[in-house]
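Across the two complexes that follow, chain A remains constant while its partner is chain B and subsequently chain C.
Up next, the complex of A and B:
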């Protein structure tokens, strides 16, 4: 087992426990992440976005995002509206800020659903092998042969628009990558000594697959989740841009970019700038943080 | 050696591409390139209910009558008919001769693939299809309760008691080239209706061969035939060698000669051999393609208006490119329709009136039409009889406080107790923006909307199947008579007919039936106005605007004189190839 000490059978006394934890994968990862300045900055950027989204949602920040004003249609950036207004005279900065909530929500639930489905299938396929494996591999190869965006579009056509549907659609289409990784990991783990030991003392399949093996692949799932997060955010923007995403009226970066196609000919650049700017920093922060996270959680890179 | 071979390959490739280019360019130059702003549903004349499908169908099929291309006001002239018809004294029996020697286009549906001659029976067949409940035509309203025995035949088809071979008393082919129509009562729009695509003759063989696919396999007698169609992308039409032909008109209205519209007088049509119609639903790609010279004509999108038109004229930059501005006054009306079948919306007049009062029509005209439209107070647009200048609809003004009072009277103070309504919008960004604006308008009186975006075929399907709740749409005139707009409220025309709102009012119906028996004149106009007042009071629609068409065309497109009602127009267009080569190089 080496350094991966996550056995749940030995419950050490408190002081010893703290020491043991400090040697765990998670502590290692934490220390390595802390040393990486870019990762730390990225992390705080993400935290900032999350706070922004929560603040918008509970009405603390930009409560007037939906307020329209016919007289102010397409106002250029000014002291009252730092990033100008859109065709209905709504504040672009407020729209973009509220778009953060939409994006993070879809990212969290879309990616979360994908992780649940992918982990379930991956675990079953990798753990049981044989017919179950064949079936699941067949399923995900079939799904992955359909170009991703087309698949998402097909789903949205059937299920309609709206935030909930969007999370569902992105979750139902985004699980293949996670499934592959988890399946591979399970195949590696299922014959290890600790699993054999479990079998010897009579643990059930469920217990072995989800209580013993799962914690040992959690770090991979975490990485996949945060990678998927970025992908889902981008997919939401693309779908909303195509008119298949959130319902009209909901603030969304994709819708803002869609509007920009109409605005640019009138030299209204602020809508596009706000939406892409907000998206750029979030996606960049996520990608940098993911890289660092992956490095930190990879035991093979431990001594580098 | 290796190098030699490579250079040979490069040389031969270059040579091939060069020759390829010249040939392609020649063909390209003589092609009309147009865009349709919504997807085409299908090319069956019985379903020619929307502008986009109709535009294509009109180039492939022909009718008994069509309109003179240049004369205004519109003047009807025979197309497949051989001269104007003969009517009996009581105006109830009309006899039409059809031209001899007209042939259908070559098609696999005919023996040996050769198009056969058009006969009177092809008209009867097509008209029966419009009446056939199984075809479910959008055009049934044109014949409903008009022709002796046709309604009975329609009912018979429902029970399977009659077939297409059953003779209908009021619609007979008396010989191979003569049709006789017997009317139940006078029908003053009959000849107009016979200039609509619904009435285009159809070869039975084609319907039998293609079945459901007939929608994608038009077989007509017109100047063009469908060469290929990639759905939701583009249609290619080529000249039909079997077309009986026609010459360019030699006279027009005043000013046509000066405008160069008579330069091709007497020439054999069509003047362009190939048409490419691209289905581009978004404004900006359409506009950019036009500016690159890939399209010959385009409407000016709202967002490009300020940068292309200044004080009613094109900018100097555009003029230097020999781009011309075309302003048309098309009789049309935009509106927001309520489905009167809806248990909440349909039963509550005050609620609908409240919504009409909350709708800021002036701002819509400013925001989305660049002030290129006038406020619509009724369904009757300027340019047709029954339009009354200065008529004011009491619910067609933006008055939030009054709207709030109305919604209270309707039993839903501040919108409490009302469900969230579904508003159907089109798929384009502009359509969504208009829906968002309407949503904001209604929010001020406490009414909530969810907006769904639909492709044009989806959109019309939902209306036909009565699944819509509230939607935004427009109606353009089929013929220059207010009756064409008022029939949109006649209960017998309810979905799948043109009365998409499914409005029903016996008083209105009675007036409609009364007016139908009257010749054009003051008495009829007075009844039209009575009908208008009923509609205004009942508010099954929120009236939007009567639009002015602002379009631009390139200098190389000649003989371009648009009118909403004239649809078989592309055969008259001409491309000045030399000018196009010269101008396009500079774009």
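Up next, the complex of A and C:
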């Protein structure tokens, strides 16, 4: 029973009868993360936020977030409204809690779309090389040449505002980094023996690229996804300030932080505090978790 | 070397073509009817038709694209929808004092140099004291700094440093060279604070990568002091990634600190974009996207040439 320390830098391996694949990258990463107390705490903070968002969405938590009350405009924090009210008399705590859902949604779909586009292009470029590679490299060089903020502004300006468009814009503009990483990995993998073996038994290009090589680069994609998540959440705030964010009425941290520009001169600080606080712990947890995730999953950084 | 510069410049042509194509497709095709967009929500059909003819949207698509390319080559971007000013004048200014490019630079360049000095020094100290309590706590602080939205820094800085303490001007602008610092002090401080977190983490990683290299061990074993190793060997080898980061950030210096300029009412390029967005000024945004991208490409060219100066290992092919 218990763990056996084989040498100083191996993870505690194998209870009795453990399978061979317990030495795989994912198990290795899992053990590394589990040992990292900060990573574990960050993970549970993220889980808490997800539960909060789901709870708000299905109406279990803060169901009255949209209720307005003109008599209560800019009420300071009190027993009924723990974090005060905004200028329409809506409860700030409830707005901030519901903002979690908006942020996580934009983060998930924005970063998710970027990952899908980046992986597709990266895989095609890296796997086929030649003309396909030239074309895709040209495309991402072009896209990355346009400064990110200008690109996002141009896309949002043309495509309009709103939650769905926001995810689309952040996805369409955020794929270059992932594409670069995936392309590089595919170039390394495409001539390896296991791919040659696949060719020998007559596997198609699609099968080789997406069934055989893809699982070997998923860990890098996961890191990029997680990094993108944070970037997208922060971008939402800035786009809201530029008037390119979510629809009016959607509870969002970006909108709340922007409203603070009018609120602060009136000594109304609770709106900004609530949105900043909610956002701070989520982004910090993500930042800390990402650091640990990268150390755990990226073999290049191991044992450093 | 000149051969390389020429080759590298020629390589910019397909990229420039791509940039114009993406911008064109985005603004003239993807967004629906550009004339209707420019005219605004409450425009009459005649007004839309007028704009369509005025800006050439009635021509076939490929002719519109050629018009767009002609604009870029001749530096004549037409006029703004809302102010009717020539866009090239809006971007480069009538005089140096009024030039948005120089206005942006007078905010971002000193702020950027200050950031470099501060963050590289802190990163060097952390590298020496790696693994210590100081190192760990500064790392955590950096990650925490990164977890606030940049808007929060601007809002709180303006409120607290500008309004409550009354040390700095809250917002406003004076174009004269000798007076503008009054309005630039607070935005500069905020710019530096905004860049602290990410820059310290970045430089620390770079220095840590260098410190485990063989040449450092060699230097140590032949008895060189820590200072000599750090400043003469590590710092010089770390110049490549540092220059990369510096130059990547250069075009953003021209673009200015978009949010900071908008908040403090500084009439730089960032402020100009913000204004154009508020007025839905389509031609201005389109022109700025292309122009700033071109400036960015020029800076990239400069980096690649600089590499060869700093690092003899990089050969110019």
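Criterion: the second predicted complex is superposed on the first by the 281 of 304 C-alpha atoms of A that agree within 3 Å, B and C clash if a C-alpha of one lies under 4 Å from a C-alpha of the other, contacts with A are read in each partner's own complex, and residues count from 1 in each chain.
One rule holds in what follows: a residue touches a chain if its C-beta (ideal position, glycine included) is under 8 Å from a C-beta of that chain, and two chains touch if they have at least 3 such contacts.
Keep in mind it's a predicted model, so treat the numbers as computed, not measured.
Superimposing the complexes on chain A yields a three-chain arrangement in which chain B and chain C clash. In the superposed pair of complexes, A:198 makes contact with neither chain B nor chain C. Legend: residue contacts after superposition of the two complexes on their common chain; A:68 is shown touching chain B, with no touch to chain C. When both complexes are overlaid on chain A, the residue A:243 reaches chain B and chain C alike.
In the superposed model, A:88 makes contact with chain B only, not with chain C.
After overlaying the two complexes on the shared chain, residue contacts for A:25 are found with neither chain B nor chain C.
With both complexes superposed, C is the one of chain B and chain C in contact with more chain A residues. Applying the stated contact rule after C-alpha superposition, one finds that A:258 touches each of chain B and chain C. By the document's definition of touching, of the two partners only chain B reaches A:266; chain C does not.
Using the contact criterion defined above for the overlaid structures, shared-chain residue A:39 touches neither chain B nor chain C, since it reaches no partner.
Mapped onto the common chain A, chain C and chain B collide along 42-50, the only clashing stretch among 6-14, 24-32, 42-50 or 114-122. Residues 243-244, 258, 261, 265 of chain A lie in contact with chain B in one complex and with chain C in the other. Within the complex formed with chain C, the chain A residues making contact are 138-139, 141-143, 145-147, 149-151, 153-155, 157-159, 234, 237-238, 241-244, 253-254, 257-258, 260-261, 264-265, 272, 276, 279-281, 283-284, 287-288, 291, 304.
Those residues of chain A that touch chain B in the complex are listed here as 68, 70, 73, 87-88, 160-161, 243-244, 247-249, 258-259, 261-263, 265-266.
Listed in rising order, the residues of chain C touching chain A in the complex are 14-15, 18-19, 21-23, 26-27, 30-31, 37, 143-144, 146-152, 155-156, 158-159, 163, 212, 251-252, 255, 258-259, 262-263, 273-274, 277-278, 280, 282, 285-286, 288-289, 292-293, 296-297, 300.
Chain B contributes residues 282-284, 287, 301-304, 306-307, 360, 363, 367, 425, 427, 429-430, 432-433, 435-437, 439-440, 450-453 to its touches with chain A in the complex.
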